[in-house]
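Below are two complexes that have chain A in common, paired first with chain B and then with chain C.
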Partner chain A sequence: MANDPIHQFQISKLIPLEVGGYDLSFTNASLFMVATVVVTSAFLYLTTSSRSLVPSRLQSVSEMSYEFVANMLRDAAGTAGMRFFPLVFSLFMFVLMANMLGMFPYFFTVTSQIIVTFALAVLVVGTVLVYGFYKHGFKFLKLFVPSGVPMAVLPMVVVIELISFLSRPISLSVRLFANMLAGHITLKVFAGFIVSLSSLGALGVAGAILPLIMTVAITGLEFLVSFLQAYVFAVLACMYLNDAVHPGH
Partner chain B sequence: MFVAPAYAQESTSSSELQTELEIDVHEETAFPPFDSSTYVSQLVWLAITFGLFYLFLKKVVLPRIEGILEVRSSRISQDLDQAARLKEEADASVAAYEQELADARAKATIIGQQARDGAKAEAEAQRKQVEATLDSRLVEAEARIALIKDAAMRDVDQIAEETADLIVQELVGVKAEKAAVSAAVKAARG
Partner chain C sequence: MPSGPEKSRDDLARRTQELEAKLAARNPVRKQDEPSADGGTAGYGQAMKLSSEFISAIAVGAGLGWLIDKVAGTSPWGLIIFLLLGFAAGVLNVLRSAGVVAQPKTGMGPDGPDR
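For the complex of A and B:
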């Protein structure tokens, strides 16, 4: 299975566990969720423990990520949206660290599982719905009825708005999942070319240089995608949360 | 394409007896992300880890970073305020210094003027005094000259009389009468 590009997404049980007929085994996916959370928490906690007035390099990394997400949320949802800051910051840091840890060879990528990204997307959209109805009541439904639209086309617009709202959790989750999945498969396929070619003798080794260069380049690209997808996920979460705070268009 | 040979090798190396089992495995692990049997476990563990992560960030990390940033920004604004205050003080000192300098300069001008005026007045007074003494001495000298002149004039009459007497005696050979001579002299002098 050495060259199987799908093998890296295989979930294997590390500690089998079954509760009430459900399989709650501690798997490699669970292990890397724990690793993501522990590494991120430890980094944020330890780098800020000195509370220096003049920050060290690592402390300024924590401060920069804080201000990065805070500015993102404030730009998208205003100061009223800052109540969601812990949620958006957690989402961004979790997705970012999960993506980055996935870049290590032999490491499992938590965000390459559609169920994980879907759960995170549902968390965002669920927060929008719950907070929107809690805060604005039925006025929240104005979200689907843009003002200034002629009565004749209004029903069609409402249907479109409704579909676009309902497709949000799908687009949000599939974007992240597909990017991570496709990137890792591409990486694995090109790396597999190197092994396959170099086993064909001297000519094959010479030919393996091209996929080697590709692998290095795609690795760089994947780091960019890892950050970018975490950023996109957080930005879209901010924009959706903005609807919960300001339902009128 | 290049993966194919490796696959082929592996599949040929596996024994015939395991074929049935392998098919089972392949069916079960067709595509891991869409394998719904792992969903419950992943969701539960995601809920546990992400939930704890969220709580930890919300309760511990974010208030701490917020505190750090707040302390820093308040410290910076405090420092800026202090700098502005110090600058104001410095400006006030400069203004006071310049005011003093201007005052001193004005005072110096006044003192100089006063000294110059005093010296001028004194010189004038001295000059007047000298002039007065010179005038008085001139008057004295003039008085003496008049005195001497009077005396000399009186002597001139006598000398003229005597000279006239002698001239008459030499020319005529007779001694002229004294009263006549003095009358003639008086008449000549007009």
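For the complex of A and C:
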């Protein structure tokens, strides 16, 4: 168990629950999703509750994350896109906090489950579709019809654009999932090398220093990837939401 | 009566604009910082981004073709054609996210899709 790099991703039922033939058990994944939401909300609430004009350190962290996401959204989708701010901010904070919680030893990484990231990506693309059709009606379909294309190749171009659009939730979710999964497995494998090398005697202990250095370095890299992936997820969500606000002219 | 609050609001708007101008003068420094900080780690992120864009488009194309085959009973033609179209969409995705092809809304020119 100690050296199995996949063991950390196993889902275990904490509270078995079955409703109408569906397995709705409360698992360790659910627990950490709840923890992510609670920690994020509590942090944002507690740090901003004093509302001092000159922010304390923690309050300025909250304000910085607000401004970071607000600028990102405004750059990508313009002022009209700011109506999606609550969605994008929640997504960013959820993914960031889930990634960061996953960095604690023995904690479960929610974003290493593809169904979680896929649900988040479908939420974004679903919002784009619903809002786009609600706001622009059938003109929204112009998104798939670039202007100035000869009639002869138009059907093919439309199909290609359609596939390109449909691939968005998949690439969005696979990217986050694969990064977290690969990172955690790498970390575990290198940490496992330390244990198995150091059991080989004095020479092994001396050799175990190398994977130890790697593990420390990869841990640092993983923190970076955690933040970077949350950022990339939010940026791409902004870009896709931009399509909903301004589909092709 | 309305002139009082109006005036102070104008004043406020003017001061806000001045502040924004000042902040904008300061901002470029920070803006230039961001890409360079990104650039250090960007190689890995970029590779991940491009490959996932490419592969997901092929997967969606193949899936769509398989579904059409299943519904219309045209096996294997739907799969073959949509796999190829998915490949084209993957190339389009990659070129688009690499910034070689403009996003459809900004560059809807005739050179958009065929380059």
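The criterion applied here is as follows: the second predicted complex is superposed on the first by the 248 of 249 C-alpha atoms of A that agree within 3 Å, B and C clash if a C-alpha of one lies under 4 Å from a C-alpha of the other, contacts with A are read in each partner's own complex, and residues count from 1 in each chain.
To be clear about the criterion, contacts are C-beta pairs under 8 Å (C-beta built on N, C-alpha and C of every residue); 3 or more make two chains touch, one makes a residue touch a chain.
This one's a predicted model, so the numbers in the text were calculated from it and none came from an experiment.
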Touched partner set for A:P146, first chain B, second chain C, both or neither: second
Touch count on chain A, higher of chain B and chain C: B
Chain B versus chain C as contact partner of A:S56, first or second or both or neither: neither
Partner chain in contact with A:F193 - chain B first, chain C second, else both or neither: first
Contact set on chain A toward chain C in their complex: 143, 146-149, 153, 156-157, 159-161, 163-164, 166-168, 170-171, 174-175, 178-179, 224-225, 228, 232, 242-243, 246-249
Touching residues (chain side chain B, partner chain A) in the complex: 2-3, 5-7, 10, 29, 31-35, 37-47, 49-50, 52-54, 56-58, 60-62, 64-69, 71-72, 75
Chain C - residues contacting chain A, complex: 41, 44-45, 48-49, 52-53, 55-57, 59-61, 64, 82, 85-86, 88-90, 92-93, 96, 104-105, 108-110, 112-114
Chain A to chain B touching residues, read off their complex: 1-6, 9-11, 22-27, 29-30, 33-34, 36-37, 40-41, 44-45, 48, 51-53, 55, 59, 62-63, 66-67, 85-87, 89-90, 93-94, 112-116, 119-120, 177, 181, 189, 192-193, 195-197
